[in-house]
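Take a look at the structures listed below.
Shared between the two complexes below is subunit A, which has subunit B as its partner in the first and subunit C in the second.
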Partner chain A sequence: MQETFWQKRLRDVAAVLVVGLFMFPLFWWALTSFKPTSAIFDKDGIVWFDFKPTLVNYAVTMLGKSRAELAIESGNTFGIGGASSYDSRQTIIDSLIVAVGSTALTVLLAVMAAYALSRMRFFGRQAYLNWILSQRFMPPIAIIVPVVFMFHYMSLLDTRLGLVIVDTLINLPIAVLLMKSFYDDVPADVDEAAMIDGATRLQIFRRVVLPMVKGGVAATAVLCFIFSWTEFLLSLFLTNSIRTLPVKITTFVTSTGSEWGFIAALGTTAVIPSFIFILLVQKQLVRGLTLGSLKE
Partner chain B sequence: MVSHHAPGLGAQSVAGQSLVVDVPVSGTPRRRVWPRFLTSEHPFPWLAPITALILAFGVYPLLYALWLSFFKRNPITRLNVFNPTWNWGKLFADERVWGAIGHTYLYTISALAIELCLGLAIALLLDSDRKGYGLLRALMTLPLVVPPAVTGMMFLLMLDGSFGVLSTGLVSLGLWPAQHPILASGSTALAGVLLADIWQWTPFMVLIMLAGLRALPKEPFEAAAIDGATASQAFFRLTLPMLSKIIALAVLIRGVDLFRIYDYVKVMTDSGPGTATETLTSYAGTIYFKNADFPYASTISLFTLLLVIVTSSIFIKLFKVRF
Partner chain C sequence: MASVTISNIRKSYGGLEVLHGIDLSVANGEFVVLLGPSGCGKSTLLRMVAGLEAINSGQISIGNVVVNDLHPKDRNIAMVFQNYALYAHLSVFDNMAFSMQLRKLPKDEIRRKVEWAASILNLTPYLDRQPRQLSGGQRQRVAMGRAIVRDPSVFLFDEPLSNLDAKLRVQMRTEIKELHHKLSTTIIYVTHDQIEAMTMADTIVVLRDGNIEQIGKPLEIYDRPANLFVAEFIGSPSMNFLSGEVGAEAGRPVVRANGVTLPLPLDAKVTAGQIVKYGIRPEHLRPGAGSEGIPAKVSVVEPTGPEIHIYADIGGQEVCSITQDRLELSPDDPIRLVPALDKIRLFEPATGKVINGPDESRPRTLLRA
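Take a look at the complex of A and B:
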């Protein structure tokens, strides 16, 4: 069914409008992060562009300045407050450590396990795969209370290592199934040829197959990073002083009012790494989201 | 290549491996130092690390939770006393649990329906090879990777009764009564939370549907066009049936995630106003954080898991989903 000229234009307009609608919250969020408090809380009407852009929100959350300091510097005493609890530098470092650590651990373990699941035939293989899959479907809330107890005894509560372990646990099923789908794309002939040449499984894995799925490993790593970076429930339950970004941000909502400027600034900062990474793995995204069962 | 030079071990070539041994490529014959299940030829060493991790931090806590659910917590002495029926009895008599089940199913099913229909429509819209559509599709993936807690915050700000851009916009357009803030009213709060979910996860459906659409064979559509089928006939008779497997898969994956919704509710309404947006997971969280009744929180969590298993099993059987 060939589209006519006007049908094409209609589709263009509709597509841009729909995507624009979905981009609006992001745009509004970024805009808010540059607004002074007076423009965010204007009850007379919504302030669109009629404000003086400011970096105060970023200075408080990213540089650890207190608003009092900033007010003295600028000679403007509006809205003094905003203590050191809004300083989020440590939070960003902690989030990065947890995300990178759990990504590394997940990828290391998944790359190995998925190889065996893709290449070896053994009793109970399908059942094992189903078991891994079922782990993906388990709600984290079902295990969180005992994990708190366990971590308490193991002195892992409120530590980065503890978060790395649980994030790894959550990411493993996705990573294993995804990696398996990438290995499945490499024909088994490759292994067999190497095996005839006398290579062991470990040698085949390291020197032959792994280099062929490099792209898949990268995609898996990126997805694990994003899942770990955005994870909320587990770090809410397992930490008090070490806060990952999503949890830290919610502490800016207080009973005396929400610091929307700071929230927007930190929120904007939080989405930037995700956006960069997701644009890198556009091709493998569908496969990642469907646990390797759908390829684009 | 590995080179063993241990004299005395000799070439203990085993039948079946002799073919490998006789080929002098790696220089030395392979011999057996380790028991076979510890070598890389056996799946055990490959799978042992993840199995151990999942058993220790996934399966053991689950059994622990089950064990915990058989204890009654005394709020004053803070001691847990063995009483296997206490929490489960309480669960079924607890009206808040039934309310939470209702909210959870209502939320899951409406989100699935809206996200699926919107996702399919947007996928059809963006399924074009013309210039610029690649960029639009890439932009469409961005909401997916925003931390859900941040998404909740975004919509909390935009839906704020006095200075939120969405609520003010709706009021000034006359689409919404000003005295009725969306998130602060019991009857609409769940819809407000749903809005955040729809914004974040419709792109998930769009992506999967696009992948499905792109994989469709061209011939049936050409044949239908020759036979004079209209666009809607082609969609309902060809596109939808051919996409049905992918739709079922997407609904299953999304549905399981929707069922355990926690982040948006916690951030946007904290189960309120009252218990208007209380879901099973958020109720378990409340019991944990506010009442510190760990056994009962475990019981509610396990019950959530049970409902996930039952509902998804029925779905898998009904729609024959395969991974």
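Take a look at the complex of A and C:
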């Protein structure tokens, strides 16, 4: 269908509007992170750009400065309070370890499990698939109490390893099902051709099929990473000294008020790793989300 | 190169038997086409030869080796699939080199063989490309290249041309035939396209519902179909069939169909009163001059260029006649059609078997029990 000039314009405008709608909160959040407290809450109205940008929020959350320290340095002592428990550097490191660890573990298990489920015909295969799917229906809150007990007995409470394991458990079903759909897109003929060419099962998997679903692996990894990076409930229950980002941010809501500036600074920072990760696998991701392999 | 012997092969999926005891022997260097309608079990049979499907009962040997329990890679066969089954992430070179890399052949030998295959298949300029950068015909050639570098004793093709457009299909048909001529490797080729089968095969095996209907050379099958099914399946437009009863007229046997008299050769092996199907191919039913021939009425005229297809009505039964004469005909014109007496085939309506057909003791012509 040939688009007319106006149809094309209209589509461009719609695209800009949609992107704008979704980008605005991010933009607002990033903007807020550079505002002094006085500009975040202004009794006379909303402050857009009419403020003196400051890095205080980042200095406190990312460099571990206490706010009192900074206030005295700059000579502006408006709204001082709280100690240096806003330092979030360890939190970011912990979150990265947990997210990268659980993503790696999930993807490793899922690519193998999904291959078997896609290619091998074994007794109870469909039942097994349904069971995997049912794990996805299960809300994490439903299992939190037994998990806390089990983790307690296994000394996994308040450890990064514990979080890696639990995030993997939650991610595994969706990762397996997603990977399976990518394998299903690679015709079984390809496996058979490789088999006739003399490849063993393992060689077929490693040298033929896995490279053909690279895009799928990337898409799955991104999904797992983002889930783990933003996971709140389980981390909250399973840790107390280790704090992942979402949990850490909740501690910025204190009995004496919410530290919007710090929340915005940490929230903005937290977007960066996902952003970089997606950028790295972007090429695979687009292919992964559109087409698994060569199909007619 | 090797012969292939298939004896009494059966295959069931669940409780359903899809191959009912297939016997077939393929000679060394022979080009055999398995031909049949969709779902008749052609692919299943081929995949059993390849070792991709388990054999329920019976035996398959390649060369003199029984391969029932051999892994596909140990059968020394190569297979070309309908959708090419290329390794999408590898270059054309690596697609062809894959099997040799697995066997850890020396690099220069691999290169030499791939280049040899590429030159045969006109793929030399594309060796560095990815499969997705190739056209359908080129992909199919890569799939063939992957097969020939292995120097297999048998090639198996499963409808390799059905994803190509009509023109390319004709071209690839010739190429495959040339390839067979160059390599003289045994080929088993599956298709449901009778033209493909006719043009390429040394021997055609017609399958239906898991049984072999007839085995023979292309023209043999065309000229002397063993039964109604084969007669109808091979040829386009297909053979005309007229139902009638054997009688006699002026001392000659004839078939009477709805009051129309159809001539028979003097030596037809029929008895009066027998109910038969009278089969005659369109090109053997020609418009006649004057008052000779079977009276009919034209219903549709289709000029194809080299010839004209005339669809006509004989006593309520539709027939097709092909002529190269430039006749001026229009619907409802009366016409007389003359069958070539020696080309008439008579079939038993109940069993479908041919009555005056080929010598049924011919060794390779297995009739349906």
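As a convention for this text, the second predicted complex is superposed on the first by the 249 of 296 C-alpha atoms of A that agree within 3 Å, B and C clash if a C-alpha of one lies under 4 Å from a C-alpha of the other, contacts with A are read in each partner's own complex, and residues count from 1 in each chain.
Here, a contact is a pair of C-beta atoms (placed from the backbone, for glycine too) under 8 Å apart; a residue touches a chain by one contact, two chains touch by 3 or more.
Keep in mind that what you see is a predicted model, and the values were worked out from it rather than measured.
Check whether A:38 is in contact with subunit B, with subunit C, with both or with neither, and answer first, second, both or neither.
A:38 contacts neither subunit B nor subunit C.
Contact-wise, after the overlay, does A:190 reach subunit B, subunit C, both or neither (first, second, both, neither)?
Touch partner of A:190: subunit C, not subunit B.
Given the touch rule stated above, what does A:155 touch, subunit B (first), subunit C (second), both, or neither?
A:155 contacts neither subunit B nor subunit C.
Quick check on the superposed pair: does A:211 touch subunit B, subunit C, both, or neither? Answer first, second, both or neither.
The answer is second: A:211 touches subunit C but not subunit B.
Does the superposition put A:172 against subunit B (first), subunit C (second), both, or neither?
It touches subunit B, and subunit C stays clear.
Now for A:18: first (subunit B), second (subunit C), both, or neither, which partner does it touch?
The first partner, subunit B, only.
Go through the superposed model and pick first if A:7 touches only subunit B, second if only subunit C, both, or neither.
Touch partners of A:7: none, neither subunit B nor subunit C.
Quick check for you: in the superposed arrangement, does A:85 touch first (subunit B), second (subunit C), both or neither?
neither
Between subunit B (first) and subunit C (second), which does A:26 come into contact with in this model arrangement: first, second, both, or neither?
Touch partner of A:26: subunit B, not subunit C.
Indicate the residue numbers of subunit A shared between its subunit B interface and its subunit C interface, in ascending order.
On subunit A, the residues that contact subunit B in one structure and subunit C in the other are 195-199, 203, 293-296.
Which stretch or stretches of subunit A touch subunit C in the complex?
Touch list, subunit A to subunit C: 187, 189-190, 192-199, 203, 208, 211-212, 214, 293-296.
Using the touch definition from the top, list the residues of subunit B that touch subunit A in their complex.
1-2, 20, 23, 25-26, 30, 39-43, 46-47, 49-50, 53-54, 57-58, 60-62, 64-65, 68, 122, 125-126, 128, 130, 132-133, 136, 138-151, 153-158, 162-163, 165, 168-169, 199, 202-204, 207-208, 210-212, 214-215, 221, 225, 231, 234, 246, 249-250, 253, 256, 259-260, 262-263, 266-267, 281, 284-285, 288, 294, 297-298, 301-302, 304-305, 308, 312, 322-323
Quick check: in the complex, which residue numbers of subunit A touch subunit B?
Interface residues on subunit A, with respect to subunit B: 1, 8, 11-12, 14-16, 18-19, 22-23, 25-26, 28-29, 32, 40-43, 45-46, 109-110, 112-113, 115-117, 120, 122, 125, 128, 132-133, 135, 137-147, 149-150, 165-166, 168-169, 172, 176-177, 195-203, 205, 226, 229-233, 236-237, 245-247, 249-250, 253, 258, 260, 263-264, 267, 270-271, 274-275, 277-279, 282, 285-286, 289-291, 293-296.
What residues on subunit C touch subunit A, complex-wise?
Subunit C reaches subunit A through residues 50-52, 71-73, 77-79, 81-89, 98-99, 102-103, 131-132, 136, 143, 146, 150, 163.
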